[in-house]
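In the part that follows, the structures are each spelled out as structure tokens.
Same chain, two partners: subunit A is paired with subunit B first, then with subunit C.
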Partner chain A sequence: MLLPLLVLVPLGFAATHIATSGKADVGPMQLAAAYVVMMLAAHFALVAAGHRGDPLLLPLVATIGGVGMVMLNRLSPDVGKTAAFGLDLDIATTQVLWFGVGVAAMLAVAIGLRDDRVLRHYKYTWALAGIALLVFTFLFGTEVNGARLWIYLGPIGFQPGEFIKLVLVVFIAGYLAEHRTLLRDAVWRLGPIRIPPLPYLLPMLAIFVIVMLVVVFGKDLGTALLFFGIFLTMLFVATGRRSYVLVGVLLFLAGSFVASRLFEHVARRIDAWVNPFADPSGAGYQTVQSLYAFGRGGLFGEGLGQSLLPTAGGRFFGVETDFIFAVVGEELGAVGAFALLALAMALVFRGLRVAMLARDDFSAMLAVGLTAGLGLQTLIIAAGVVKLIPLTGITFPFVSYGGSSLLASFLIVGLLLAISHRNALAADAEAGRVERGP
Partner chain B sequence: MIATNVRRLALYLLLSFAVVSAGLSWWQVIDAPTLEARQDNPEVIVARRTMPRGAIFDAQGTLLASSRLSGGISRRSYTDPAFAHVLGFSSIRFGTSGIERAWDDVLSGRTDPNPLNDIVNDILDRPPTPSDLTLTIDQRLQDFAASQLGGDAGAVVAIDPATGAILAMTSTPAYDATPISGDPDDAPAAYARIQEQAGNPLVDRARQGHYTPGSIMKIVTASAALDSGAITPRTTFADQPQEETEGFVVQGFRVREHDLSPVQPALWAFSEALQVSSNIFFAHVGLEVGTDAYLDYARRFGFCSPLAIGSSPRALSVTASFVTAEQDGDCSEFSDRAELAQAAFGQGRVAVTPVQMALVAATIANDGVMPQPYVVRDVRAHAASASTGPSDRILETYGGGGGTRVVSSQTASQVRRAMVDAVQAPLGRLYAGAGAVSNFGITGVSTAGKTGTAELGPNTPPHSWFIGFVPAQGTAQPAIAVAVIVESGGSGSGRAAPIGGAVMAEWLKLHRN
Partner chain C sequence: MTGEVLRILLLVLQLAFLGILYLVLLAFARSLMRDLRSAEAAQQQSQAGIGRLAVLESPEDEPPMGRPIALGPINSIGRNVNNTIFVEDDFVSANHAMLTFRGRSWFIEDQGSTNGTYVNGHRIDRPVALSFGDELSIGRVRMRLER
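So, the complex of A and B:
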């Protein structure tokens, strides 16, 4: 399943080189080779460890990441160098290094995490750690572009939000696995109105408060939306009650409305979403330019290296992160962008399959939450860039530039692999019992 | 249980991905042409900066605008300031205006005039191929009209009534668009110099000027009245002779006559009233028509909403003309009958563009059918060398197409006869005789016309107006209809009428052979 990758990534690198240099040779291939070798090595490591996890997860991730690598390699000269790992590197090299870190973390979790009790039993500890990290970020984080998201440990900066996402999923999965039936069946009556059992909804309110705190203090609308989306998705899967989702969405809309009245940065975002063309060189600039990029791309795209977006206005901010999907649309066309979305959707479906085959509620809820994290994140940024929802700063998983995002996404895949591995072992054991049965 | 819910979740996520894909298709495929036409699209800016651009020629194939690349920058030059407003400019710094804007996609080669070629070019990823334009305007007439206006601020619009082809459309003062369309570093200073000049040269008075029309509006009033049956050519108003001296009171507002001397007031019917341009008579006529019917006819003539020269999406827009106060870009209702009485002789709240009034003249000339105006005659392959004239390869040809009937043929011929009288009959000659082409060496051709003197208040000289067409004798097919305005030019007969006559005579001379 990894074979297409052997062709795809080097081909993308070569096409970019030819298009931008005008020379008919393949150009530097070190990064492409490093990436492909890394993914093959990860595959063989899993095989060697006798891993029985879902066989499609890694190939899908590697292909999506491959598209990302091709795009970042193409954007690298436009974006310039960044300080990473204490070195002055271009973004493509940095991203390959982060892929290495991510793949290593994924393998460690997939192979090393033989038992999920460490997650299940310490869920409140995890939640506390997450909240502590959140508070720490508010207090000591570095503000970049108006949002306080970064913590610097020496030369390496990371975004705690990405890891809080994981902790949040673990906590909710643990909580819901424990209280699922109560939340689903118990009903309090207030006269004619049926309301859910309030005490069991307290965590929901707590999460709501945390999310709004993220909006207020972190000014990070994308992460807030993602957290809330993950929570509602998990609540829905645990209880099957659409009313929870409905109430949650209404709460979020109400909260957003209040926030838009109280905070100017929220109001600006919404104005820029409603009519970006009202101020095409100011508040609506990024949206307008990214829509132009999609328009230029058309059905078949302008070709690798042909995007005008990265150099719009000199250097277009966020082209390698929030807006990378617009570059995909411009260079690879609607066809390429559809393909990327289809890959992401396939990854989500594999993740949900892991959840369906899970042997216990906790594993199932964990797999749902982790997959929803990847799926919703993809949907939120893609929908934001195509102006279906207000644009929020958030990465396209495995495609956008960014170490924290990549590491967190690989941890998710590692956890999904670990869960599916245990699913397979349990299925074997069951089959074995049946065969050996009296 | 969980598995069931996961399956439902999968469905919802699938739907969400489908919605995002639909959003993507909207921008990438369906709305892409609109996005690509926007001025601040980097693709448009880059193309304007570095790509060759189609040339523009007049009806005779004389070069009006062309581009050349020098120093990696596409510089555009214009040969004739008389075309400044209709052509507009294509500036790296200031974007585009006029025809340069309306036809930007064709001139830049972003879209092919043939949509099928567009698809083929897109799939084969061909570079844009600019095309050239040929206008319906004849430079000889355009320059003649501009020279007639001389140093005054004003506009001349000339239309072929049968086809809607714009024969001349010029606005003064003009400006040279070449400096602002060349080097982007020098453009701002050049633009500032033009802005500082007296008379606001950047305004296209033909399409955007908003003027009180005065008596030329009586053509609209007469058409509405005859066509609706409110009057016949023989209708008279018994009190009118007395009111000529005392004034005609409508709802407390006293309509007064303009200075009729040397003519003595009498009981006039339509033709005489038009010849002497009686405000009292036409106030009565307007009231006979009534507020609703008057607005209805005004709309039929094209008032109350923007006009378009050419067809969408490559139309030159013309500011809407109004007969009443403007309300959300439309005419409001008449506030009272006094306002209607004033509108009927072109005062009150009436505000018109020269293009609108040229179309009124063209409608009467064209047997009551308003032609669809257009100014680009054809799109041609890019000429190998612009200086040697246009290419012979015509890619697309445009025509006025259809036109809309405004008044009956009978009404049109009644108004036409009265307009001939207004220029040539004994009474009319005193007021509008200067508009006759016979004054300019054309014999055996009748001129139809009407002057207007738009009163602006006690301390401002009035605007001088003339609309007319030739040949107007019998059932001859008129070849040209004009509207002329000279801002603060005094009486219509003194300034605008001779310009109108001269321009129409010049056109007949150019086409006599």
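So, the complex of A and C:
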């Protein structure tokens, strides 16, 4: 399943080079080669380690990432250089390096994590570490574009939000696995109203509310929406109660309304969503340009390397991160954008399958939460860029430029691989029993 | 003239890129479908049990290590050979504990054993609801409830 990458990525690189240089040669291929070789090496490393995890996860991720690499390679000259790893590199090179870090982390987790007890038994420790990191960011973080998301350690900056997402999922999975039966079956009756047993919900709610408050006050709306979605999904899967989801959605709508009244930056986002054309060169500028890009792309796209978005007026922002999906829409058309979403959907499908086959509640809840994280993140940013929901700044997993996002996404895939490896071993043990018979 | 050739070349490359992308997508879709069908077949064969016990530690190898025990709705555990789950261990009572599936959940109840029944390391004094993944200790035998 990885073999098409050998053609796909170099082809994209070549098309981009021809379109931008106007010369009929393939152009530099080092980055494409590095990317493809890296993915094949990761595959062979898993095979060599005798890994029995889901065989489709890595090829899916590699294909999505391959499209992302083609896009970033194309955007690289327009965006300019960044100072990453203490070096002056263009963003495509930086991203390939981050892919290397991500793949290494994925392999370490997939092969190294033989036992999930480290995650399960120290869930409160993980939660506290997450909150500490969050508060630290809030107090000492650097503010970029109105949101305080970055911590700088020397030359390397990272976004703790991406990793807090992982820690939060681990904590909720541990908590729900421990108290699932109680949350599902125990009910307090208040006359005709049935409410869930609050004492059992409270510790989880408390930690969740703390996280949400800090995120909202840090003005990081996309992450807040993502965390909330993950939380509700996990709660629903653990309990099977629709009422939890209903109450959650109502609470969220109420919260959004209050937030839009209290905070100016939330109100601005919503105004820009309702009618971006009211102020097409001001508040609605990003949304309007993104919609134009999809319009120019049409069904089959303008062609690789021919997007106007990166140079549109010279002040379009976030073309390599939040708005990369708009560039995909313009260059590869609705057909290409749809393919990217379909690949993401297949990835979610595989993740939920890992959860279904899991032998214990913790693994199942962990797989559900991690998969929901990837799926919802893709959905939120794609829907935001096409103006289906208010635009919130988060990354498109495996496509957007950004080391923290890439590393966190690869850690998610590593955990899913580790869980599915254990599933396969358990299934083997069972098959052994059937063969021997009574 | 060369501009025209370049334009056609780019169009071909663009369509090739999208074409390969869709071939990959098709390959994924096919393997997802195949997987779904085989999962259905496997489910029909085994008619989805309600749970099993994985044996983590068993000093006398009865129940044998590494072989999960398939569970019925009511399982008695003890050193008496008439129990559904027979445990060969001097620290286990003749009729030690009952593991039952009631409604939607598994419950474990101690049957007045001498050395007690432990769930995740805590001794139980009344019927306790179990989650999948919980660890049972009976005598020196450790088992984990799985689905």
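In this text, the second predicted complex is superposed on the first by the 427 of 438 C-alpha atoms of A that agree within 3 Å, B and C clash if a C-alpha of one lies under 4 Å from a C-alpha of the other, contacts with A are read in each partner's own complex, and residues count from 1 in each chain.
We take it that a contact is a pair of C-beta atoms (placed from the backbone, for glycine too) under 8 Å apart; a residue touches a chain by one contact, two chains touch by 3 or more.
Just so we're clear, the structure is a prediction, and the values are computed from it rather than from any experiment.
Peer 1: Output check: A:11 vs subunit B and subunit C. Expected answer is one of first, second, both, neither. What do you get?
Peer 2: second
Peer 1: Once the shared chain is lined up, is A:124 touching subunit B (first), subunit C (second), both, or neither of them?
Peer 2: A:124 contacts neither subunit B nor subunit C.
Peer 1: Determine, under the contact definition given at the top, whether A:304 touches first (subunit B), second (subunit C), both, or neither.
Peer 2: The answer is second: A:304 touches subunit C but not subunit B.
Peer 1: Just subunit B (first), just subunit C (second), both, or neither: which does A:349 touch?
Peer 2: both
Peer 1: Taking the superposition on A as described, I'd like to know which of subunit B and subunit C A:361 touches: first, second, both or neither.
Peer 2: both
Peer 1: Between subunit B and subunit C, whom does A:386 touch in the aligned arrangement: first, second, both, or neither?
Peer 2: In the superposition, A:386 touches subunit B alone.
Peer 1: So in the superposed three-chain picture, is A:257 touching just subunit B, just subunit C, both, or none of them (first/second/both/neither)?
Peer 2: In the superposition, A:257 contacts neither subunit B nor subunit C.
Peer 1: Answer with first, second, both or neither: which of subunit B and subunit C does A:44 touch in the superposed model?
Peer 2: Neither partner.
Peer 1: By the touch definition at the top of the document, which applies to A:336: first (subunit B), second (subunit C), both, or neither?
Peer 2: After superposing on A, A:336 lies in contact with subunit C but is clear of subunit B.
Peer 1: Starting from the residues of subunit A touching subunit B, keep only those that also touch subunit C in the other complex, and list them.
Peer 2: Correct list for subunit A: 300, 303, 333, 349, 358, 361, 364.
Peer 1: Within the complex, which stretch of subunit C touches subunit A?
Peer 2: 5-6, 9-11, 13-18, 20-25, 27-29, 31-32, 35, 52, 54, 66-68, 70, 103-105, 129-133, 144-147
Peer 1: Tell me, which parts of subunit A touch subunit C in their complex?
Peer 2: Subunit A reaches subunit C through residues 1, 4, 7-8, 11-12, 14-15, 18-19, 22, 24, 56, 59-60, 63, 67, 70, 177-178, 180-182, 184-185, 300-301, 303-304, 332-333, 335-336, 339, 342-343, 346, 349-350, 353, 358-364, 426, 429-430, 432-433, 436.
Peer 1: Mind listing the subunit B positions that touch subunit A in their complex?
Peer 2: 1-10, 13-14, 16-17, 19-21, 23-29, 31-36, 38, 40-43, 46, 122-123, 125
Peer 1: Spell out the residues on subunit A that touch subunit B in their complex, using ranges where they run on.
Peer 2: 233, 236-238, 240, 280-281, 288-289, 291-292, 294-300, 303, 308-309, 311-312, 329, 333-334, 337-338, 341, 344-345, 348-349, 352, 355-356, 358, 361, 364-365, 368, 372, 375, 379, 382-383, 386-388
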